[in-house]
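In what follows, structures are represented as structure tokens.
Shared between the two complexes below is chain A, which has chain B as its partner in the first and chain C in the second.
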Partner chain A sequence: MFRYALKRLGLGAVIITVALMMLFAMVYLIPGDPASVALGPRATPAMIADLRARMGLDQPIWRQFLHFYGSVLRGDLGTEVLSNRPVFDVVMEQLPFTLILVLGGISWSVALGIPLGCIAAVRRGGFVDRVIGVMSVAMIAVPSFVVAIYSLLVFAVALQWLPAIGAGEPGNLSSRLLHLILPSLAVGLGWIGYISRMVRASMLETLEASHIRTARAFGLPERRIIYTYALRIAVLPTITLLGVGIGQMLSSSVFAEIVFARPGIGKLVYEAISTRNYPIVSGAVLVTTVFFVLVNVAADILVGTLDPRVRASFN
Partner chain B sequence: MSVLTNTRISRRGVLAGAGAFGLASMVNPKVVWSADGPILKVRSYADIQTLDPCFRLAAPEGDITNIIFAGLVVTTPGDSWGWRPMAAEKIEQLDPLTIAFKLRDNIGFTDGYGQMTAEDVKFSIERIADPANKSPYSGDWATLKEVEVKDKLSGIIHLNKAFAPLWTSTLPTPSGTILSKKAITELGGKMGVKPVAQSGPYILKEWLPKQRTVLVRNPDWKYEQGGFAEIHIHPIEDEKTAELGYEAGDLDYTWTAVSSIARLKQTPPPKTKVIEKPSLAFVWLGLNKDVAPFDNPNVRRAVQYAVDRKAVVDAAYFGAAATSTGIIAPGLPGHREKNLFEYDPDKARDLLAKEGVSGLSITLDILNKTERLTAAQVIQANLQDVGINVEIKQNDSGTFWTLGSKEGDYWKKLQMVLSRFSMQPDPSWATAWFTRDQIGVWNWERFDSEEFDKLNAEGMVELDPAKRDVIYKKLQDLMEESGCYVFLTHEVTGIMYRDSVNAALKPNGEPVFTDFKPV
Partner chain C sequence: MRGILREPLGALGLTLVAVVVLSAIFAGVLTSYAPSKISPTERFASPSLLHLLGTDHLGRDLFTRVLYGGRIALMIALGATLASLVVGVVLGLIAGYGPRWLDNIMLLVFDAVKSFPTVMLALTLVTLFGPSLYAVVLVVMLVNVPGYARIIRTQTLVLKSAEHVMAARSMGASATRILGIHILPNIIGPILILVSMDVPVVVAIEAGMSFLGLGVRPPTPSWGAILNDGFANIRDSYWIVIAGGLPIVLTTLGFTFLGETLRDLFDPRLKRRS
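Up next is the complex of A and B:
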């Protein structure tokens, strides 16, 4: 198990390096000069040249990449030249908002997706199963930004039950939670459908398994069979799916953060790309890639912990 | 098997649901108060990146620095451009080259930096003007000779040459704010996002990046107090999001999207005033005269005749904006009454035929914004009507703002570009970008006129409004005669605010937050 985890972490380091190389290539292939954009029309060519030098943009791209990568290995993401603040600080003050948003999305998807999948599996072929099936596909099909806009129009503008913009009052938990409801629903709604379908399929397979038949033959209560024996196995693919889903939700968070004017890493990167603020883009992408890799490794390890068959395959 | 299908509603479930509903219903109280009084919640289009007036990057930073750092004078709200003293007890122009000032006796800096003195005025102004400091705003003090300190509170600003924009776009702006010499020196010459030695009617209490900036009344400010105890400024880039935030009750004041003005005026949100203000910005279609086919003056002229400017502006701005007659907005010296070349597609066809031009295919570069794309599509249809095919190329902002730069190569391919520049309330701000030394910087049409440069320089030092009017009209005539420009609009600014707020706005709709009052 330990060796497996180490292998996955090693692979994660390779993924991070490749992602950074691709990022650098993309960022420098697109046209636009960050110094001109940042300083605006009143800057003289000398000022623009000075800022380019301070940002290291007068260096060849390979040297910029090596410099950035070397700095990362030393734990330094550099300095944002316009505000003169450490990139790490700028990224880390936004990251928690996105993580909470993603966590909120996962909560919606798990809290609703798993029960719906279970109900559909138990009522296989019936009216309830068909209704849940249609609802699940509809939730998957509707883009998250559409959910974001309509939920905002209905619950914030028309009904005024929930706030429309921002992340809530600092230090006020209820305010923070109320500001999280709509954005996290927008991010997580599609995943309710995914998880519901996944749990249903997995549950149907598990309910046909020999150990479940044996349990029924022994006369165990149906509730215990479903929750103790079937669901524990059926939910395993969901954990792996959620590992991937977190990456997807990180992407969806851009829309939610823009539509709901929330702080967060998605909006930070979006604005940084628009202004060609390369240090922020690189720092933010690095941090989110590391997070994504770690989450996937954690999901794999969790599956191994819960499933004796996977544990056995490691050995 | 029935365990999951038995979904009876329990009393506990009903109570929990009712509790959640009640909790949700309690949010968004419509009147928000702090312990010291009412709170004003407003939207700005960008977050702050620096609060140093010398190095500010965008207008929202200027709005804040103008509040937390006192300037000698400040812009007054109203329908015409004006100013009133702020840190100055008295300030007057003795002659075209000399401005005398005397500070109020009891303006202090926060953080223990003592009283504001004439030495601080000298330091702040000369700091922006000094080329060694590389301030993008050094041009605001382009003709400064020195600031002479007479005594603790008095001094004289000496200019090398007269400078007409001084009272409109220099002194009342952040370029005229006064910082503590001692504080900035201790900071190593530059301030970041944490303001030090604040001195205005409000001080910055809290900045939460990408969330909000909170300003509170400065307890040491002895003069007219701001109407609100706190001002919360929320950075919301997208105008539509801001509108929804307003309609949901999260904001008291916001600019609206131009496309929303008609709808909001017809059916405004409850207890809301929706108004329009003429913008100073200018939008135009530029033709690069150094690239074929626009190296031919008659082809340029044909495009000027071919574009139906009213149709373009009506479509792009939903009928809310008027067409422009140049780059200088109404109300400023130099505003023209009409264009030299109006829409006449027959003349355009004749000119193209005379030049033997047919089957032209041209690229039009635009910024990827909805109203620009709409405008470009109408221009495309207009030019198609006279036999010119137009391909529209959309660019993101990072790419767009470098298209005509001489540092790159794209200017050699740039044919037509739809541009927009913002403005300060002085005509020199409009014309400064079209001189020969701006070719490949911001003069992307590569318009090249010695006469223009000479007149533009004269306009900067001419103080007589009547003479300036003549100069700036002539400058726009020269631009239009070159064939490089099709002037489209000055746009319009849509604003909505609660009727419980008395909004103090500059003539172009920009806010003067210190003068906002609760009704």
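Up next is the complex of A and C:
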């Protein structure tokens, strides 16, 4: 088990390194000269040369990358152009808002997806199964930003049941939760569909397994068989799926944050783009990417712990 | 075709797709307005017989903009999907047929590209290149290519040691000939179904980027751009967001239902796996 976890972590580290190289290539090499961009059109050549030297842009590329990589490992993502604050701090300030949003999305998808998948599997082939199937596909297909805007229109503007703007008053839990309902639904809706399909499929598989047949032979009540014995195994594949899901929800949260004017990473990057604040953009993308890779590694290790077959197939 | 229509969901999907495609093609016939014609006296007109879906903040007819927006959405869906398919197939064949070390490097790069959350990737690229149609196509390719290439690679690896490929190689056939004649035709079928199922994703990426103002530039009509116009005025003129969102919903649902039905018809194995 330990070797599996170590291998998976090692692969994660390699992927992060390659991703960092790409980000470095994109942000530092393509858009012309970052020094003249940072200083604006009225900078003198002497000022640009000075900043270039301070940013290390006069060094060979491989040294620049090593330097970049080293400072990223130390948590130093550079300083923001406008306020002169460390990028890392600015990003970390916004990260909790986005994480709570993603967590809300996961809650919706797990709380509704698992029961729906279960019901569909139990009623296999029936009318209820078909309805749940179509609903799941529809939830997956419709883009989250349309869900966000339409739910804003219906529940916040027309019916005025829920607040439309912001993340709620700091320290006021009920206000925070109220402000979380619509954005997190927009983020998690597609994953209700994914999870219900996944649970249905693996539930059908599990119900054929021999230990379930044994439980049936012992005359255990069907309800108990399904909800205690089968479901426990059928939920496993969803954990890996959630690893991927978090990445997609991070993407959807950009839209949710903009539509509902919530603070968060997505809104931060979006606003940084319009002000051409490159360090913020690359810093935020970097943090979310590293976070995403780590979540996937964690999900894989968790599934490996729970299911020895996965560990074996990785070798 | 008959198989699709026998499934109620397939029939619904096919109908929706047909409506979207036909209305995009015949946009010029179906409406008498120009898509970007500004009419200051008719700003924020609610839906009526004159303007079926109402007008936006510049007095432009929304029904017309939705129809012409369909052209953009479908053209990008088609173009970007084809481009991803071609690049994905070529890279997948190289990774699967080429030397082991190259395969390993390529797999690593695919995984690294996939590890960027989509929207973050789109935002970074747009920061660098500026918003445009090409930025949308590039994002779509970066999102799709690693997946396609991986599938093609796995299939190629399997076929590499198949008897007919061995025979061709022992007769001195070149790598291009083997890949093009003996391997590609055998693996292209299943991937085409997967690719067609990605069409709604591409439509969503274009609309999403245009909604953020990172895709199609104004005044070009795009569903996402209409949503963006409407979002700014959502409190007073709700019909603009409805006009922008509805075609996105109908198109993604149509292509998804159609794709699912096609998949079940052609490849029952895929159904069990997903």
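Assume the second predicted complex is superposed on the first by the 262 of 315 C-alpha atoms of A that agree within 3 Å, B and C clash if a C-alpha of one lies under 4 Å from a C-alpha of the other, contacts with A are read in each partner's own complex, and residues count from 1 in each chain.
The rule we apply is simple: contacts are C-beta pairs under 8 Å (C-beta built on N, C-alpha and C of every residue); 3 or more make two chains touch, one makes a residue touch a chain.
Predicted model, so just to flag it, every value in this text is computed and none were measured.
Peer 1: So in the superposed three-chain picture, is A:Ala299 touching just chain B, just chain C, both, or none of them (first/second/both/neither)?
Peer 2: Neither partner.
Peer 1: May I ask you to decide whether A:Ala186 touches chain B, chain C, both, or neither, giving the answer as first, second, both or neither?
Peer 2: Once the two structures are laid over each other on A, A:Ala186 reaches no partner at all.
Peer 1: Touch check for A:Ser251: first (chain B), second (chain C), both, or neither?
Peer 2: Once the two structures are laid over each other on A, A:Ser251 reaches chain C alone.
Peer 1: By the touch definition at the top of the document, which applies to A:Tyr278: first (chain B), second (chain C), both, or neither?
Peer 2: The second partner, chain C, only.
Peer 1: In the overlay, answer first, second, both or neither for which of chain B and chain C A:Leu153 touches.
Peer 2: A:Leu153: touches chain B and chain C.
Peer 1: Is A:Val259 contacted by the first partner chain B, the second partner chain C, both or neither?
Peer 2: both
Peer 1: Now for A:Thr289: first (chain B), second (chain C), both, or neither, which partner does it touch?
Peer 2: second
Peer 1: Per the contact definition in the header, classify A:Pro170: touching chain B only (first), chain C only (second), both, or neither.
Peer 2: first
Peer 1: On the A-aligned overlay, A:Ile119 touches which partner chain: chain B = first, chain C = second, or both, or neither?
Peer 2: first
Peer 1: If you lay the two complexes on top of each other, which residues of chain A touch chain B in one and chain C in the other?
Peer 2: Shared contact residues on chain A: 30-31, 152-153, 157, 258-259, 273, 276.
Peer 1: For the complex, give me every residue of chain C touching chain A.
Peer 2: 9, 108-109, 111-113, 115-121, 123-128, 200, 204, 207-208, 211-212, 214, 227, 230-231, 234-235, 238, 241-242, 245, 248-249, 252-253, 255-257, 260, 272, 274
Peer 1: Touching chain C in the complex: which residues of chain A?
Peer 2: Counting only chain A, the residues touching chain C are 14-16, 18-19, 22-23, 26-27, 30-31, 134, 137-138, 140-143, 145-146, 149-150, 152-153, 157-158, 197, 201, 247-248, 250-252, 254-255, 258-259, 266, 269-270, 273, 276, 278, 281-282, 284-285, 288-289, 292-293, 296.
Peer 1: For the complex, which residues does chain A have touching chain B?
Peer 2: Those residues of chain A that touch chain B are 30-34, 36-47, 50, 82-85, 90, 93-94, 115, 118-119, 122-123, 128, 152-153, 156-157, 160-167, 170, 174-175, 178, 181, 222-223, 226, 258-261, 263-264, 267-268, 271, 273-276.
Peer 1: Can you name the residues of chain B that touch chain A in the complex?
Peer 2: 1-5, 21, 23-25, 27-28, 49-50, 57-58, 134, 136-137, 139, 190, 192-193, 208-212, 234-238, 241-242, 244-245, 247-251, 396-402, 405, 407-408, 410, 421, 433, 441-442
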